[in-house]
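So that you can tell them apart, the chains are marked A, B, C and D in the order they are listed, and the count of residues begins at 1 in each.
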Amino acid sequence: MIKIGIVGGTGYTGVELLRLLAVHPHAELQVITSRADAETPVSQMFPSLRGYVDVPFTHPDQARLEQCDLVFFATPNGIAMQQARALLDAGVKVIDLAADFRLKNIPEWEKWYGMSHACPDLVAEAVYGLPEVNRAQIKTARLVANPGCYPTAVQLGFIPLLEAGVIAPASLIADAKSGVSGAGRKVEMANLFSEAADNFKAYAVGGHRHLPEIKQGLTRVLGDQVGLTFVPHLTPMIRGIHATLYGRLTRELDLQALFEQRYANEPFVDVMPAGSHPDTRSVRGANHCRIAVHRPQGGDTVVVLSVIDNLVKGAAGQAVQNMNIMFGLPELTALNNVPLLP
Amino acid sequence: MIKIGIVGGTGYTGVELLRLLAVHPHAELQVITSRADAETPVSQMFPSLRGYVDVPFTHPDQARLEQCDLVFFATPNGIAMQQARALLDAGVKVIDLAADFRLKNIPEWEKWYGMSHACPDLVAEAVYGLPEVNRAQIKTARLVANPGCYPTAVQLGFIPLLEAGVIAPASLIADAKSGVSGAGRKVEMANLFSEAADNFKAYAVGGHRHLPEIKQGLTRVLGDQVGLTFVPHLTPMIRGIHATLYGRLTRELDLQALFEQRYANEPFVDVMPAGSHPDTRSVRGANHCRIAVHRPQGGDTVVVLSVIDNLVKGAAGQAVQNMNIMFGLPELTALNNVPLLP
Amino acid sequence: MIKIGIVGGTGYTGVELLRLLAVHPHAELQVITSRADAETPVSQMFPSLRGYVDVPFTHPDQARLEQCDLVFFATPNGIAMQQARALLDAGVKVIDLAADFRLKNIPEWEKWYGMSHACPDLVAEAVYGLPEVNRAQIKTARLVANPGCYPTAVQLGFIPLLEAGVIAPASLIADAKSGVSGAGRKVEMANLFSEAADNFKAYAVGGHRHLPEIKQGLTRVLGDQVGLTFVPHLTPMIRGIHATLYGRLTRELDLQALFEQRYANEPFVDVMPAGSHPDTRSVRGANHCRIAVHRPQGGDTVVVLSVIDNLVKGAAGQAVQNMNIMFGLPELTALNNVPLLP
Amino acid sequence: MIKIGIVGGTGYTGVELLRLLAVHPHAELQVITSRADAETPVSQMFPSLRGYVDVPFTHPDQARLEQCDLVFFATPNGIAMQQARALLDAGVKVIDLAADFRLKNIPEWEKWYGMSHACPDLVAEAVYGLPEVNRAQIKTARLVANPGCYPTAVQLGFIPLLEAGVIAPASLIADAKSGVSGAGRKVEMANLFSEAADNFKAYAVGGHRHLPEIKQGLTRVLGDQVGLTFVPHLTPMIRGIHATLYGRLTRELDLQALFEQRYANEPFVDVMPAGSHPDTRSVRGANHCRIAVHRPQGGDTVVVLSVIDNLVKGAAGQAVQNMNIMFGLPELTALNNVPLLP
C-alpha cells in the first residue's frame, strides 16, 4: 500500500482527492492536515465521506509527512514550495496541485503570483504533470507540478494542431468557461450563489495566471513562441470546463484523423465523432477530456471544443493519474468511474 | 456472470442502471431495448457511457430477454405487467423499476394509474423491494417491485417511529422535495429548464400516485391504518429527494438511539449525529439514505429529515441492491461509490 | 418629494430598495450610507443601477440623516435600535428592515438575537409593518418594524384560518423553503454557489429567529397562544419563499371563499383559483403574495401554499408599501411591476 | 392609445411583450392569438400576469387584427410572411419578432430556414429593427424585422470597430453564450432542466441561422464583406446573452473613447468603464446592452464583451423600442425598468 499524506484537505481539490483515493486499492491515507480544522473529523466537514474517510484533520505540526510515500499538496499557492525540499530529502514523492512548480521562469512566476519563490532550484527538477505530454518523465519524477484546470483543457485541445504545425501560432484564441468550483472553496463575494447563479460573465480578461502556464506548455510543444489570447468566463454550474479554441489553418488536412491518431492510446482523452458537441456533464466526476474538432463552413478557422471536469482531470483526478504513473500502477486505477449523468 | 437485460433504457433510470452495472464485477449486459432508438449506440445518446457501454439499443422484437438471468424494466408504467409472466416462466428474474407491482390492492392501482392491470395474479407474488423491510423475501423473490423514489425516502424516515409505536399514526405529514430528474426524461413543459430553474412549487397536492404506495408500506409496518398528508414539491436541482416528516410523539424516548439501533446493520442507511441537517448532495450519485431526527424546542412534534438520490436509492441503485440480494452477492457490490460533492 | 435616507445599502435588501425607489415618483434618495464602501459609487457595486442611482455611498459620520423625511435601515440586526431615537426626535420617520423592533417581548428578543436591546421603550411604540393586519396603525406610525421574509409568507397563509377559528392552533406546521438571497449578501461558506447549487437541505430545525416572530403574529391574530413547528429549508434558487402550511380543521367550511373574502381588498395578496399550485417565479421581482388553499383527499388537514419574493414582499417591497401607507400615497406606487417570468 | 395585436403569444417572447406592454401608458392590448390555447385566459398560462392581462387567447380566425394599429408577430418563423401583406394593406404596422424579414437575400433565407419565402417583395421594404443603426428608417417603417438575440449582442459589439475601420474584417470571431430561454418555450429534450442544468456546451458550430444575419449586418456597416466564425453555446441560466468578440487591430487608437463616443446618445447601450466585465444579470429584465472593450496584454487582439437580456433587448424589449420609435414616443417608454439583481 502506498502511504498517502494530504496537506490542506479542506478545499474542493482536497475532498475530491479523498473521494478518489477512498476506493484506490493501493492507496492508504495516513494523514490529512488542516491548520484551522485540526481534530475535526473529515466526514463532519464533508458528510459525503461518512463511512469512507474516518479520520480527523491533523494539525500540520503533528503530521509526520516524512513517513508517507507520497504527499499531495491541495493547498493555496506558496505552501508546497516551503515544504517540498524536506519531503524530497526524506525520500517522499510530492505532487503539488497548486501552482508553485508549474512555471519554469521564476521571475514570471513571481510576477503572476505576487510572491518570491522559496525554492527556485526545485522548479527545474519538477515535472509538469500532463501525462499526455510528459508521461515518461512523470514515471521517474520525485516532484510533479499538477497542471491547472484551464491549462489542461486548453493544451489538450491545441496540442495536436501545434505538433502537426498546421495552425498559425501567433494568434491563438482560447475562450474558456468554468464552473464556480474552479474558484475553490474560498469564501468570496463573487462565488456566492446569489452572485453567480443565473448569471454569466468574463473575468480577468486583462490577464489570468493560467495564461503563462498555457503559453509555456504550447511553446514547448511547438518548439517556438505562441501568441495566445485567453479569456476565462464564470458559468453558473458547479463543475466543468469548456474550452472553445480558435486557430487559423495553414494547410489542408484531415483534422478528425489528426486528433484521433494523436490520442489513440490515451486512456483519458476521448476524441468524439466528427460534428460532435461535447458537454461538460459528459465528464462529470470522471477523469476524461472529451474533444471535438470543427471547421465551420469549410473555412480556414479551426474550432476545437474541449471539456473536462475541473476537479478531476483539471485537478485531483490528474493528480491520481500522475500518482499511478509514478508508482507503476495502471493509469485507470481508481479513475475508472463512469461520469454522473444527468 | 449474471446475464442482464434492460427493457427501456433511454430514460434517466436506464442510464443510471447502466452507469452502475458498467462497473459491476458480476453483471454482464446482454441486451438493452428501445423501440424508438433501436440500433442507435447507447453511448451516442449518453456520451458519458463512451468506453463503458459499447452496444446499440435493440428493438424489443429482437431482444431475447428469456436468455437473461435477470431483466430490469426501466419503462413507463404498464409495460412490465405485460411481459413479466413470460419471463418468469422462462426462469428469468424480474425487477420492475416502474409501479406495476407496487400496490397490492388492484382496484386502487387501477384508479391511480388509470389502466387495467394485465396480470393481477403476479401482484400477490411480487416482493416490494425495500431491503430495509423485506430483505428476506427479496432474497428468494422471482419478481421484485422496486419502490418509488418518494416512498423510499418517506418510509425509511417513518419506519423506526411506527415500528416503535411512538407517534400518532392518524396525522402523519410528509413534505417532500424532489429534483427535476424525478419526473423522468420526459419532454414536458413543466420540466423545461426555463420553467423549472430558479423556481419552486408544490404539485399534486390533491393526490400523488406515491401516496397509496407510502400508505401501504407504513400500514404494513404499523400493522394498522395510517393517515398521511403527502405534499410533493419540485426543486430546481437535478437529483435528490429531501423528505421532511412530521409526527406527534405519544411517549418519551431517546429518538436518536431509536434510529441508530433500527439502522445499525443497514449498509445504506446512515443515521446522522443528533442535530444534523443532511443535504441532498451528500448522497449524490450514491445509494445511501441519510437521516436526522429532531424534536424542535423539546415539544411533542418529531421532525425527521431523510435524503436520497432519487435515481440511485430511489430507483436504479436500489434495483442493483435488490439484484445483489437476489443473487447472493454482497449488497455493496457496484454500489460502493462515494457521493459526488460538490 | 419625500427625502429618503438608507442606512446600510450594500446588501440585497439595500439594492432592492434602490431598484424600487429609483422609479418611485415621490421619493428622492438623499443619502445612502456604508462604512466599508464610503465614496464608492453605488452603481459600481451594482452595475444594474447604472443610470438610475448616480451617487456614492456616504460614510455614516457624514450622512445627515436627520434632514431626511424617512430613513430605511437595511442593516444587520442591532444597528437601527441605536439610531432610531435620535432620528425620531428629529422628526424623521423610520422603517427598520432588520429585526430590532419586531418582537414585543424584550427578553425573548435578547435571547434569540444574542444582544441587549438598546432602546426597549421604542419597541412598544413600533408598529409591526404587515399592512394586511396593521394598516391603520402603520398609517400613523413614526417607527415601523418591517416583517421578516418567512414571517410574511407564513402569517399571510395562516391568518384567514386563525381569524376564522377553524384550525386547531396548538399544532401548526410551517415547512418553508427559501432562495439563497434570504441569507443576505454575507460571505459565508454555506451560501457559496458550489455549496448551495444543485442541493437542498433544512437548517435551524432546532430553532430559527423567525419562529418567535411568527408565533407573536399568529398569537395576536388568534387572541390566544399558538403552537408552531417551523422548519426552514435552503433551496437552490436566488429569490423566493414557498411556505407549505399544515393545520387540522376543526369544522367544515368553504376554505376557498374564506381566503378570497379575507384578501378581497388587499392589493398584494392574490388568492389563486381552487386547485392551484403557485410557484415562486410567479412573484419574482414583485410585491405580491400568491396563496392557494387545499384540502387533500377531503380529509381534515388543510394545506396552504404561500409564495412571495423574499426581497420584495419579504423585505424591500413591503418596506416601500409601508412607506406609501405612512405618507398617504397609493399603495401600488412604485410597486406596480409585473413579475419577471421566465 | 395605440391598439396592439399580438400573434402567437404563448412563448417566452410573447409573455415578455405582455409584461412590458402591461405598463406602457400608450399601448392597449386589443387581441392576442393562439390556435392551440384559444379561450384560455392568458393569466392562467402565465400567473405572473394575473391582474395585469385579463383577456383570453383568441383563435386566429376570430382575431380582427386589421383593426389594430400595430401587430407584433411572436410566432415561429414562417408565419408573419403569410399575414403581413394583408395587414399592411389594411394600414396596420407590423413588427416581426421572428426571422421572416431579416435577411435581404431570399435564396440565402430559404436555405437557412428551409422553406420558400411567401412574400419576397416585402423583404425589400422591411426595415431591420436595430435602432442603433437604423433609427431613421424605423421611424417611417410600416414593417420592421426585429433582430435576433445573438445578432443584437454581436453587432452592437463589433459596430464601432467596423465603422472606424480599425480591425481586420476577414477573421472576426464571435463566441456567444445564451441562457436556455433563447431556445424558446419549445418542448425539446435539450431544453429539459435535467439536460441543461449544471452543464455547458457549444452547439451548431457547423452553422447557425444567426450567422448570415450577423454577417449581413456587419457587412452593411463596413461597406464590405466580413468573415465571421460564430460559435453559440448553451449556458445553464434562464436569460442572458454574453458575446465575447475577437478581432485583430489594424491600427492604434483609444478603444474606450471610440466606444463611448459611438454610443454617447444611445439610451440603451451602456459602455462600461475601462477594465469592466459586464455580467448578464446586470441587464436582467431590462432593455440595456452593456459593453466593455479590452486589449489584453496590450497586444493586437481586441476583445469586446457585450451582454443583453435575450428576451428584452434581444427580442420583446427591442420590439417595444421599435414601436416607440415608429409611433413617435420617447424610446424609454415602458422600458425604463431597473434590471433585477440579484
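In the analysis below, a contact is a pair of C-beta atoms (placed from the backbone, for glycine too) under 8 Å apart; a residue touches a chain by one contact, two chains touch by 3 or more.
Here the structure is a predicted model, which is why all the values come from computation and not from measurement.
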{"item": "A-D or A-B - the one linked by more C-beta pairs in contact", "value": "A-D"}
{"item": "Identity of the chain that, by mean CA position, is farthest from chain D", "value": "B"}
{"item": "Whole-Å separation of chain centres (CA-atom averages), chain A against chain B", "value": "36"}
{"item": "For chain B paired with chain D, centre-to-centre distance based on mean C-alpha positions, whole Å", "value": "45"}
{"item": "Gap in Å, rounded to a whole number, between the CA centres of chain D and chain A", "value": "39"}
{"item": "Per-residue overlap in chain A, given as positions that touch at least 2 other chains", "value": "12, 179, 181, 194-195, 197-198, 236-239, 278-279, 281, 284, 342"}
{"item": "Residue numbers on chain D that touch chain A, as the complex places them", "value": "171, 173, 175, 177, 179, 194-195, 197-203, 205-207, 227, 229-231, 233, 235-240, 242, 244, 246, 248, 275, 277-281, 284, 294, 296-297, 299, 301, 303, 305, 307, 342"}
{"item": "Contacting residues of chain D [partner chain B, same complex]", "value": "12, 179-181, 185, 187-189, 191-198, 236-238"}
{"item": "Chain C-touching residues of chain D, taken from the complex the two chains share", "value": "12, 15, 18-19, 22-23, 46-52, 181, 185, 197-198, 238-239, 270, 272, 276, 278-279, 281-286, 290, 336-342"}
